[in-house]
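Consider the two complexes below, in which chain A is the common component and chain B and chain C are the respective partners.
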Partner chain A sequence: MRRTVLVLLLLLGFALAQSDTLKVGFIYVGPVGDAGWTFAHDLARQKTIEALPNVETIFVESVPEPEVEPFIDQLVAEGAQVIFATSFGYGDGVLSAAERYPDVIFGHASGVERAPNVMTYMADFYQVYYLNGLIAGALSESNKLGYVAAFPIPEVKRHINAFALGAKEVNPEAEVEVVWIFSWFDPAGAKEATEALIDKGADVFAFTEDTPTVIQTAAEQGFPSFSHYASMLEFSPDTVASGQLVNWETIYIDFLQGVIDGTYTSENLEDLDYFWLLQDEAVEAAAAPGVVINPVHEEALRAAIIDHPEFGEISVYDLVFERLAQMEVAEPTFDPFTGPLSDRKGNRVYAEGEQATLAELLSLQWAAENVVGPWEGEP
Partner chain B sequence: MDFLDLLTSTSARALAFSTPLLWAALGEIYAERAGVVNLGVEGMMILGAVAGFIVGQTSGSPLLGLVLAAGVGGVAALVHAFIAVTLRANQYVSGLALTIFGLGLSGLLGREWVGQPLVNSMTFVTVPVLSEVPVLGPVLFTDQYLLTYAGLVAAALLWFVLHHTRLGMTLRTVGEAPVAADVAGINVMAVRYGAVAFGGVMAGIAGAYLSVAYRPSWGEGMTNGMGWIALAMAIFALWDPLRAVGAAFLFGAFFTLSFRLQNVFPPELLTLMPYVFTIVALTLVALGKGARSFGAPAALGQPYQRGER
Partner chain C sequence: MSLLERLGYRLEQRPVPPGRVVFLVTVGAIVAALIVTGIIFSLFGVNPFYAYATIAERTLFNFRGFTEVVRKSIPLLLAGVGLVLAFRAQFWNIGAEGQILAGAVAATGLALFVPLPVWLMIPGMFLAGFLAGGLWGLVPAYLKVRLGVNEIITTLMLNYVALYIVRWLINGPWKGASATGFSYSDKFDRAIWLPTVGTTRLHWPTLLLGLVLALFVALLLSRMQLGFEIRMMGQSPEAARYAGVNFLRTTLILVLFSAGAAGLAGVGEVAGIHHRLIEPNSISLGYGYTAIIVALLARGSPLAAILSALFMGLVFASGDIMKVALRLPFQITGVINGLILMFVICAEPFLRYRLVRLSAEHRRGLNGRGVESAD
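This part shows the complex of A and B:
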């Protein structure tokens, strides 16, 4: 009898504790230990719990994209009220599960299709790659920048173009040589792709792959490179010049706060798309948090003086901060994808003063003039 | 870049990339020569990688990490040996289980070691004088790891032992005709245990090469399927250590070329080639000489128990 009472009391306490907490599930495509994409999402999950004490999280990792539905079932069974699916390929599974669980709220990272209970979100790097391109163009001696790229999809193409546009702005001779590895995670592929680029004469490196391999390989020859997703400065303190860092928690916290307040429900997410940028503090141009430019490279960048159409005579070092200032304000006064812009086949993409729309950026297929290498789906 | 440059740079990178494949394949060749298939290569490699990194990081000595990784690989292989040899369970299932176990355990053990560069990594060497030799200099003697040379030497030694020593004959007999070996007074169990453990040691070294030399850091799943390629290579090499050198080089060359010839060939096609060759080679040899004579040990995959058959 006494035991029954105890159990009932426990259950009651459990139910009470449950009532005012929000249970949030995360589905990761890679292991949390990938030091890249998934690692960044998991770091954000931990920061979210710190910021929102009433949020409780559970996560599953290394979930193959076609098998996401059973994992959603599992998270719902464990009581998840909000579920974040953090890979593009989860899209179909999320939408189908969202129909079966109309009361559960879903967030789909890098997704495009929404539903009343499915929002999409992305922290995008294109402005950051542009800033990195300014630095790369100035640091290169061979005028050949290497880019180790994952897949020829609009997101990656947008980033390569932005990087190339930045490089060209400070160094008209600079070319971006692209090698594709057809994987988000392939350390050996990233290593050999970097070696191939080095043999082709590249001497500054950016990449889209989930490990610090490109940075380590470039560093063997002393070549500058850029952090991707997480800080990779400690992998090579003397060569990581800047980079692309993400703060997913800005989106998670903002959205979950909205769910807690009742602003966001399982019925009004149809039009909710977070495409957060520098001005939202979702991304950061830096080698490590706060380190916009590695002090090691400051002298070289200050010495690189160019004649700029907008700023006149200016060092690349100052130009980076000028452009950053223009883009990190609530209403940015500059966007890298502003005309006149032509693709490498000579077609005019944007006329003088014309700016790319969000939809165009999300479906970008053209290659910038100074991009070299194969380009599937080129218009 | 002219053709000679392409040839030398591709060859040099093929050697560096394929070194772990060679080490792991050599080990698997010995295990299979003794009649035991071990599909746990990927698992043993990743355990070697995580052990090598953790020990290398805490001790500051990548060599110590490598040695410990070899031990860890060997111990992991003994688990497979116990299940497959002593308990005579299905070798394929046991090996697969070892791979899954290795991937999971390494992820767990390595959790706190993610995102750190190795304090002291193995550095590559450029051999004086020899590196000046045309073609061979840049291919073999410039910026290569000592483990690459050690792998080539190991292949030659293992070939000699397998074909020209009593130990090699014993090993092959156990794999071809365990009954005959038993009759001749050979301890079949002991030989199989030894061969499987040796395979584990080699896989452990292969894994550590990745985490203390090739890419000196730890990342979950960093072997990324190399163990499976090594398994395919053991077959492609027709269970011969010297042919494994050629097989490894071919795999490596196609892999690196897939990044160098992207403007000419679809890269997916190039990375697919070694596997196509494996299938074609096996088919040709099997057609030409009859399936048995293409070199597969006759008792491969079969548990041995005295008194059966």
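This part shows the complex of A and C:
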């Protein structure tokens, strides 16, 4: 009896494999309910199914990074033709599995190494963190901004620097104090770090951690903070000033459409790296979709008038939208990482008018002048 | 008078449970666990028979799946055998996690910075890892014997020291040139990766070491003078003292082996799987702590640790399959893994006690006069 069931299921499996559906597996590093990174990927997965009716998905949550390979084996056994591995630490496992399954297509989020059947993709926030920095610099009264950071890797350092550069543009006194928690998902650690930053006098908070913990902890003191990856406005409607939101589905849909129409195959992905930004609509500067600046903070930001070298006398509120407009267009006319820029040790990083290249952004190590705190691997 | 006695039974301690009883009780516990988890499967809309068939098919009857079960059990076996040895001497080593990391660090140091000939590299890494792990255990061992410092605390705390040392290394001096700013060391040269079975991740030299070590510790405990001393220290420290056992020497040797075994597990993880030093929590997914369960389930027998390590490997691998093939939420797979372990551990009293039917006379006495006869 059981054998019959198994045989029937196998036949069903073959029947499905024969049809036109594209089976796509998603491997998540956190739980889908984390309200951050994994939640955003899973939301995108659902939007992708809506947009591409022939796509069928399977997802696995909370897969430890070094254990990704057996999960890839499982997904392939389930018939997955495309597999998205959504954490940097999956890299080694994805590359070795890709060698073993040359016909399966892999996407590695925030990855750096590719192969004929492995593409990399990232929806990056550095422009958005810069915009958040403008807001944070204007809202701070102590001139101390707190940043709860995950790991000292280029992606996080890039975001901290962008945030610090924005803050400095509107408030030359503003400093960003960083605490590292060495985890992407650690509510307890994030709470402790936020409290430590509050003790040091920080009164506006940004972070790289996959839960709304920093927002909630800061809100106990009424301090402003920013949504990270997904809308966290509902966790504290009065203190989430803006934030970094992602629309991973723009990348998933674009790529899977390419797989369906044959543009992308398991042989031509070696040079395919989606590094999508504001102009690609992969990311959004907002507290919740469409809410660029929380109305609660509008008055304070309109009242913060600065003398800006490019725009003259302007409120920070307007400056945010001016900068957003410059970066949203297909060919952005502004980039936060444009010289003159120096690191905090006094070395000139970019000369007047010089702009960071993508490769430099991806391997960024230096700390901006107004960043305070430990910084492993500082050049 | 207890209910049992009213029914004409009483509990009696069983000195050494015979193998047959151990087998039956363990199987009974697993069957009970399967029934309860089966109910959970049903509640989530998964037919339990289909669930068990799928799990068995993908772990036991699938080559790749089976190699994954065995691979997951390798660090548990090495660290677990080491803990069995330590626990027999009543040395409560909770520090296998740190000892694993110490072994991983030593192997990485050798692999990346010492120009040894390739043929010497693999034995060299294992030796270095064994010594480093052992050294990590010797500190608490010395403190315990000489100053009476509680080893549970010291071994546990040294886990954190090891964790932060690894973190410092991969973010600082050993950060890879090829890592473009990310936190891990350079990759080992492909020539010194541990060989694996085919394209699987089963690094068999480490497995072989684990099996040999289990045999060796079994022999040590049953046949050698040192093993006798270790057992005596564990069962009756006073007697051991009278018999002239040198506590310092014996403890240091046994902990060197116990912690060294965990060090070997660390070597296997970096040289066999990751091929570089990475985040400490990724090198060891709590293997050092799970090994404590492995050692407890093995009930002091190093050979039984082979079975209990495989059992834990199977439990973990089944959890993976529940997530993907059965689409169960990951929290539920955690609950199920926990339940299975709980059933097996709760079966322990059944091994130590047995139900005995009171003698007919005794029962009559109870029923007739309501007082116990003084037989």
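Everything that follows uses one rule, which is that the second predicted complex is superposed on the first by the 362 of 379 C-alpha atoms of A that agree within 3 Å, B and C clash if a C-alpha of one lies under 4 Å from a C-alpha of the other, contacts with A are read in each partner's own complex, and residues count from 1 in each chain.
As a working rule, contacts are C-beta pairs under 8 Å (C-beta built on N, C-alpha and C of every residue); 3 or more make two chains touch, one makes a residue touch a chain.
Just so we're clear, the structure is a prediction, and the values are computed from it rather than from any experiment.
Trainee: Looking at the superposed three-chain arrangement on chain A, would you call chain B and chain C a clash or a fit?
Mentor: Once chain A is superposed (C-alpha atoms), there is a clash between chain B and chain C.
Trainee: Touching A:Asp199 in the superposition: chain B (first), chain C (second), both, neither?
Mentor: Touch status of A:Asp199: first partner only.
Trainee: After superposition on the shared chain, which partner residues are touched by A:Gly339: those of chain B (first), chain C (second), both, or neither?
Mentor: Once the two structures are laid over each other on A, A:Gly339 reaches no partner at all.
Trainee: Applying the document's definition of touch, where does A:Phe185 land relative to chain B and chain C: first, second, both, or neither?
Mentor: Touch status of A:Phe185: first partner only.
Trainee: State whether A:Ala77 touches chain B only (first), chain C only (second), both chains, or neither.
Mentor: second
Trainee: Just checking: does A:Pro116 make contact with chain B only, chain C only, both, or neither of them? Give me first, second, both or neither.
Mentor: After superposition on chain A, A:Pro116 lies in contact with neither partner.
Trainee: Considering only touches as defined above, state whether A:Pro64 meets chain B (first), chain C (second), both or neither.
Mentor: In the superposition, A:Pro64 contacts chain C only.
Trainee: According to the stated criteria, A:Gly258 is in contact with first (chain B), second (chain C), both, or neither; which is it?
Mentor: After superposing on A, A:Gly258 lies clear of both chain B and chain C.
Trainee: Should A:Pro31 be classified as contacting the first partner (chain B), the second (chain C), both, or neither?
Mentor: Both partners, chain B and chain C.
Trainee: Of the candidate stretches 205-213, 313-321 or 331-339, which in chain C collides with chain B after aligning the structures?
Mentor: The superposed arrangement places chain C into chain B at 331-339.
Trainee: Residue by residue on chain A, keep only those touching chain B in one complex and chain C in the other, then list them.
Mentor: The overlap between the chain B and chain C interfaces on chain A comprises residues 31, 62, 182.
Trainee: Which residues, counting only chain A, touch chain C once they are in their complex?
Mentor: Touching chain C: residues 2, 5-6, 31, 58, 60-67, 69-71, 73-75, 77-78, 88-89, 92, 100, 112, 151-154, 157, 182, 362-365, 376-377 of chain A.
Trainee: Under the definition above, what is the set of chain B residues touching chain A in their complex?
Mentor: The touching residues are 1, 5, 9, 13, 17, 107, 110-111, 114-117, 210, 214-222, 224, 226, 255-256, 259-260, 262-263, 267-268.
Trainee: How about chain C: which of its residues touch chain A in the complex?
Mentor: 49-50, 53, 57-58, 64-65, 68, 167, 171-172, 175, 180-183, 199, 201, 273-275, 278-279, 282-283, 285, 317, 320-321, 323-325, 327, 329-331
Trainee: Give every residue of chain A touching chain B within the complex, in rising order.
Mentor: 30-35, 39, 62, 179-182, 185-189, 191-193, 195-196, 199-200, 211-213, 216-217, 230, 234-236, 373-374
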